[in-house]
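Given below, in the form of structure tokens, are the structures.
One chain, chain A, appears in both complexes that follow, with chain B as partner in the first and chain C in the second.
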Partner chain A sequence: MSVHDFYVLSPYIAMAGAALLIILLDLALPKKGLLPYLTFAALAGPLLMSVIQVIDLGNATSLLEGSDAFASTEPSILLGVLSVDRFALFFNFLIIGSVALVALASADYMKNMARFQGEYFALILFAATGMMLLAAATELITIYVSLELTTLPMAALTVFLMNSRSSEAGIKFLIIGAVSSALMLYGMALVFGFTGSTELAVISEAVGKATGDLPFGNYALFVGIILMIAGFGFKLSAAPFQMWVPDVYEGGPTPVIGFLSVASKAAAFAIVIRVFFTGFFDVALDWGILIAGIAAASMVIGNLVAISQSNIRRLFGYSTISHAGYILVGVAAGVKSGESIFKVPEFAPIGLDSVLFYLVAYAAANLTAFFAITIISSKIKSDQISDYTGLSARNPVLAILLALSLLALIGVPPTGIFIAKLYVFTAAVDSGLVWLAILGVINSAVSAYYYVRIIRVMFIQPSRDGEKITASPAPWLALWVAGSAMVFMGIAPGFVMEAAQSAVEALPV
Partner chain B sequence: MVDLVWFQLLSAILFVIGLYGVMARRSAVLIIMSIELMLNAVNINLIAAASHMEGTGKFSDFDGQLIAIFIITVAAAEVGLALAIILRMFKNRSTVNVDEINLMKW
Partner chain C sequence: MVSEAVIWSIFLLPLGSFMFAALVVRPLFNRYSLISGLATIGALGTALGLSIWTLRSAILGHHLEFEPLKWLEVGDATIEIGLLVDPLTALMLVVVTGVSLLVQIYSLGYMKGDPSFSRYYAYMSLFTAAMLGLVMSSNIIQLYMFWELVGVSSYLLIGFWHERPSAAAAAKKAFIITRIGDVGFLIAILYLFTQAETFSAAGLNAFHIPDIWMAAQAEAAAGAIIGGTALTWLALGIFAGAAGKSGQFPLHTWLPDAMEGPTPVSALIHAATMVAAGVFLVARFFPVFEHSIDAMTVVALVGAFTAVFAASMGLVMNDIKRVMAYSTVSQLGYMMAALGLGLYAPAIFHLVTHAAFKALLFLGAGSVNHATGTFDMRYMGGLRKVMPVTYVLMFIAGLSLVGIIPLAGFWSKDEILLGAWDGTGLVDTWVNRVTFFSLIVGVVATAFYTMRMIILTFHGEFRGGIDKEIEDRSSDAADDTNHSAHGGIHLHESPLVMILPMLVLGVITVVIGYIANPQWVDEFGIPKHWITAFLSDGLAEAKNAIGHHETLEFSRGMALVSTLAALLGIGLAVLVYLKRRRLVSDILVLVKPVHILLTQKYYMDYLYENLMVRKWFYRVFAGTLDWLEKNIIDGTVDLVGWFFRNIGTAIGKFQTGQVQTYATVIAFAVLAIILALLLVD
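The block that comes next holds the complex of A and B.
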């Protein structure tokens, strides 16, 4: 390995290093209360290296623009295994940002835990390393290993409460995760057997030659790609691979679930986009319709089952399934069938732009909601929606922030998800998926019912218990940052939108 | 040399037996064993595909064998974690029967 290889790897090395550092400090530190702040500080390393690489890529582009050379951004490719381009760096920032907020929000929550506080933060950082690698991976072995590096620490974190519900959630998560990764591996084995390579670039060439009358060109690819979609569907928490989601959301520690719903989902979307758009694009019309079907199923199942939930975390489990559906509409909209009579797939970048924008907007809104729930549930020791009565009297600011995030999740202006939904559904109409856009709009309207029900309980029904709900400054800071990001993205979406567009441009479709 | 199809058939059968085991078995430990069977079916498929690629011009750097080694390694980590969680569950509930692990549904 050369020095440049280490430079390309530096954000990932820094992230894994931060995790090891936290384990070491945990041994030496007498005051465990400092650990969330140390985790927050340790993120400076990966953040700095990512910023340097973004600036470097920017300079490389402006240098190339002057000459006649190929003007697109040159990704820093590592042995055909990782491609640390703008696309990967976009997700680096999203993941580092959510880890930072989750670390701060865990400050109060961790005080209930007598032991293993250092391991808690170290596992979050290890999972984040896996997610960052997943966004950059361009080769099947790397994809598998980084996928497991995300799943295994998340499974361990789910069991952290050590009670029956938590361990039940953990075993369900791990077993369904292992089965789905076995399915994905079987798909990978078939794709490898057919194409003779594990690198997406080489796979893409071989797939291009395979086009025949069959869907996906041939049986090995047909079965292989469907099994890979099933494996990734688990990570996306999309229906029909969603069985684990509500249980894990109900049983696991609240900050961890917030992290799982935001960062893990973003990384899964990154790898789905990378694999399907750079590896299997020549058969895009075949998998495009599959993705559209999964999107429709996720939206409908998520929203319908959420209506009857009485536990707020379980409700968010179904809500996250429906949001996976909305985002998948954007993925399906990334492909449109070409004008010519030979049905050739055409790349529609606006679909993927909308996916990346949605992921950031969803991260802000969902983290706001989960941080508010963390503060409330560690005080009232309950997750039942009926126990949220009179929250507006017990802590008005908290109630307003939670209400705002719930409105954001419906897609009410002026919040980020309103713009994101508009963006996704416009892209869908552009790519000829009008039915999917209509279904999405209907589902958004249905979702208003169960989100507004929580707001009604908080503001209208009187409380049985008048005690104020308080929290220390760190969770408040996390809540405010996430909340203002959520509103800011609705008022001034330009910055994130441009970042998303330049990230998608870097993809070699 | 034995035809590739036979290896793929063996692998497919083993995989389906593993999948059946995951769905039909009641003990969490046996479910983990069934998952191992699924992963080993994948390994057979990969190694057979890789060794049949020799001489076809597609053969590149033992990629198939490499994935198999990675799968074995990661599977070991996965089983370690799974057994730890099962142990935790046994302490909480004194059972590892998945039919009785039903605190949360719908």
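The block that comes next holds the complex of A and C.
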């Protein structure tokens, strides 16, 4: 392993190092209240390295030695295993940004964690390491390991409230996660059996040679890819692999759930795009329709069940399922059936552009909502929507920010998700998935029903308890940053859009 | 000639006053909340001046075309932000800023002492900014964004008194029902995305509104880019959005409920401007609509039906604002019907006049409410003695709504009726005929409910106001909605700050009809058929055609017919309401000898009102419509809601909480996917 390889890995090493540093500091630190700020500061390492890498990368495809830009040098041992390209770096920034905000937002909430506060932040950082690696992984074993590195800390974090609901949620997350991992590993084994390699680049070549008369050209690929979709479906919280979501959302600590719904989901989308577009693109017409079906099911199930929820976190569980559906519309739109007589899939980058944009817009809006809920729930000690009455009187700014984020989740301009939805549905229409776009538009309209209900409750009659809701400056800062990003992306989406486009260009489809 | 910056500032001024009220006054100086009101009025006054300047520039025929700014690039599509200032926009700018300014001045009095004074002005400024942004958008996506923003601010304002559950429910209903229409609008936009490549091949931008007009023209260089069925569906999608905002059947149910908001809000948003946005939208895409007979027919018939349907409901309402709400829906139906028949200029002209007299009627209702504390006309009466100015102004506005010569409403309604009768050749003759007769029936109904409203409010004896209402309510005990409590009873004229804007609107209501100038040549410096020519030229320019405007020559016959229809309605109302009341009071005064005779007469009146009107007409005709409204339409809406809720619950049943179930579902899902793919193959 050369020095350059260490440089390539530096954001990941820095992130894991930050986690270890927090554990050590936790031992020495007398005032635990500083932990969120230290976590925030420790993110400077991975952030700095990612920035340096972006600058260093310039217009090249990958930082690794032996890839195009560095063809003359000895190939790196990481070649084929990781690809640190603009696509991976895009997700680095999204994940680091989410972690930073979640750390700040946890400043008040972590008092619930009793004596495990150091572990709480360290586990978040470890999970983030896994997510960043996931966005860069190009080899099945690495993917599997990275995936577990995100899932296991998240499962541990879910039980941190140490009450029965939280423990139940954690166990469910762990078991369903394990089942999904098993399915995925089995799928990977089948794919390896057919292609003879675990590297996506090699798999891609072999997949093109599958010429059987059934879907995906070959039984091993057929079953293998579907099992992998099932495994990824768990991480995406897409239907029909979504059943764990509401329970975990209801039981887990609120900031952790916010993190799970944003960063973990983004990383899962990163790896789905990486695997399916750079590994299995030759059979894209077969899995494209499958993804479209999953997208439709997720939107419909998420929105319909959300209508009858009375617990706000459970409602957000279903909301996140529906948003996974909208984003999957973009993934499905990345494949266009070609115009030649042989039905050859064609790559439509706009679909993936829209996915990346949506993920950032969703991160901003959903984090705003979750940070507001965190502040509220630590005061009113309830997650029932009916207990949100009179919030507008107890803290108008908080109520307005939460209301704005709910409007954003409906897709009302001028917020990022409005642009994102327009982008995703446009891409779908562009790729011939008109039915899916129309279903998406109708679902957006249906979703207004349950989001607006919360706004209505917040602004109705004064609550029984007129006490003001307050929070310390850190959670407020996190809330304001996320909220501003949410509106900013609706007004000036150009920057994120260009970043998304250049990230997608880096994919070797 | 006005510069681009001037037009942008018309939009930015109210936006600035919104920010000032929301971010500076409300958090920091809420004790001096009057500042927000004054800042809003200042900003709007300036904006009105600039709007008039813009209109003048448009009238002088200046070429008001500005290069749009590039905002986003999505695939093949470039989305821009820009200004589209044609005669339609210039006129709308003046209407929106003008009505908004007057309403804000009025609100100084009406909202005085409300603890959320700053919030009120913040929302009102936000709404005005969004509405102005909407009418000046040159890009359909830009327009859509303002369209939604207008919806959001309307939501905020309907639910302004959110401590009332009925207000919060009404706000939600308005938001959701208009969004149902917006689904159609959004699908129309998505369709344009699919055509982006074709557009750019022809050197056009699929979202630039003038380019969309161009694409629909068969005479365009490359032939019609959108045509045939696609064009019809595109137009109908846009119309769905318009119908939602403008309360056209069957999406009208939210508008009467929206009256839960403060009365000046109803005047500005739910009478003069926002609800007219639907009409504006159809007018904006008129060069597209007119290429599809089917779409035009749908627009005309929906408009005509709404005009009669809503007017008939207005006949049975006791709440003064609800009478006006149905009246607004009905009048919007007139405008839609006119657009559907191809009467572009008359429709917009009616929009303008309607904005003036309906805003005045609402402000009058607010003034009445200020005095009596109630909106229920059963507890009003006799107010003409204590509120002479309000009475006279509302009477003028009412006659204008009915369409009595020489008030504004007469001229605009007359043009629509005339055009409907003559036909424009854009739709089949039967559509013209059906629309015409519906609208004439609508005139009778309009006259009836308007006079009924005036008589019940201002004539007869005062019937107790809010105190009596509360008393009656508490004896009913069951019904405890507190929707109309706004202060107590103080029977006198409203303060000057409320009367003054009403006076201005009253003057406008009297004179604005003359911009149509159908009768005289170049009198008062206004050319003959000025408004029609102005708007039609704008439309012709949009189509790159030579200015040919079909002016409708004033017809004495038509004026006679519409006046007779109006007088019939007025006469009926006077007979039923005014005459009987006088007799009732006579009975109280006179002694027994004449009693029998009077009873006889009273009996006839009783027969007339109770049997004919109440039993037969109300119960059968209006009652049927009311029943349809309550059971079929609301029922369908409820059913849809019920269906989705229960489907949701049914799916939720799978959510047993058992981790074994979850794992089993995953396993079965995988099996099902494999089987499905094998079967499909």
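Convention: the second predicted complex is superposed on the first by the 489 of 509 C-alpha atoms of A that agree within 3 Å, B and C clash if a C-alpha of one lies under 4 Å from a C-alpha of the other, contacts with A are read in each partner's own complex, and residues count from 1 in each chain.
FYI, a residue touches a chain if its C-beta (ideal position, glycine included) is under 8 Å from a C-beta of that chain, and two chains touch if they have at least 3 such contacts.
As the structure is a computational prediction, the values presented were derived from the model and not from experiment.
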Per residue count on chain A, the busier partner among chain B and chain C is C
May I ask you to decide whether A:Val305 touches chain B, chain C, both, or neither, giving the answer as first, second, both or neither?
-> both
For A:Ser392, decide between first (touching chain B), second (touching chain C), both and neither.
-> second
Of the partners chain B and chain C, which touch A:Ile171 in the superposed model: first, second, both, neither?
-> both
Which of the two partners, first being chain B and second being chain C, lies in contact with A:Pro246: first, second, both, or neither?
-> both
Go through the superposed model and pick first if A:Ile226 touches only chain B, second if only chain C, both, or neither.
-> second
Determine, under the contact definition given at the top, whether A:Arg456 touches first (chain B), second (chain C), both, or neither.
-> second
Considering only the touch criterion stated at the top, classify A:Leu79 as touching first (chain B), second (chain C), both, or neither.
-> neither
Would you check which partner chain A:Ala182 touches, where first means chain B only, second means chain C only, and both and neither mean what they say?
-> first
Chain C-contacting residues of chain A that also contact chain B | 171-172, 175, 179, 246-247, 305
Of all residues in chain C, which touch chain A in the complex?
-> 71-75, 77, 141, 144-145, 148-149, 151-152, 159, 162-163, 165, 168-169, 171-172, 175-176, 179-180, 182-183, 186-187, 189-191, 193-194, 641, 644-645, 647-649, 651-652, 654-655, 657, 659, 661-663, 665-666, 669-670, 672-674, 677-678, 681
Name, in rising order, each residue of chain A that touches chain B in their complex.
-> 140-141, 144-145, 148, 152, 155-156, 159, 162-165, 167-172, 174-175, 178-179, 182, 185-186, 188-190, 192-193, 195-198, 246-247, 250-251, 305, 314
Can you list the residues on chain B that touch chain A in the complex?
-> 4, 8, 11, 15, 18-19, 22, 28, 31-32, 35, 38-39, 41-42, 45-46, 49-50, 53, 56, 58-60, 63-64, 66-67, 70-71, 74, 77-78, 81-82, 85-86, 88-89, 92-93, 98, 101, 103-106
Residue positions on chain A within touch of chain C in the complex are 171-172, 175-176, 179-180, 183, 214-215, 222-223, 226-227, 229-230, 234, 240-241, 243-244, 246-247, 286, 290, 301, 304-308, 350, 353, 392, 407, 412-414, 418-419, 422-423, 425-427, 429-430, 434, 437-438, 441-442, 445-446, 448-449, 452-453, 456, 459-462, 493-494, 497
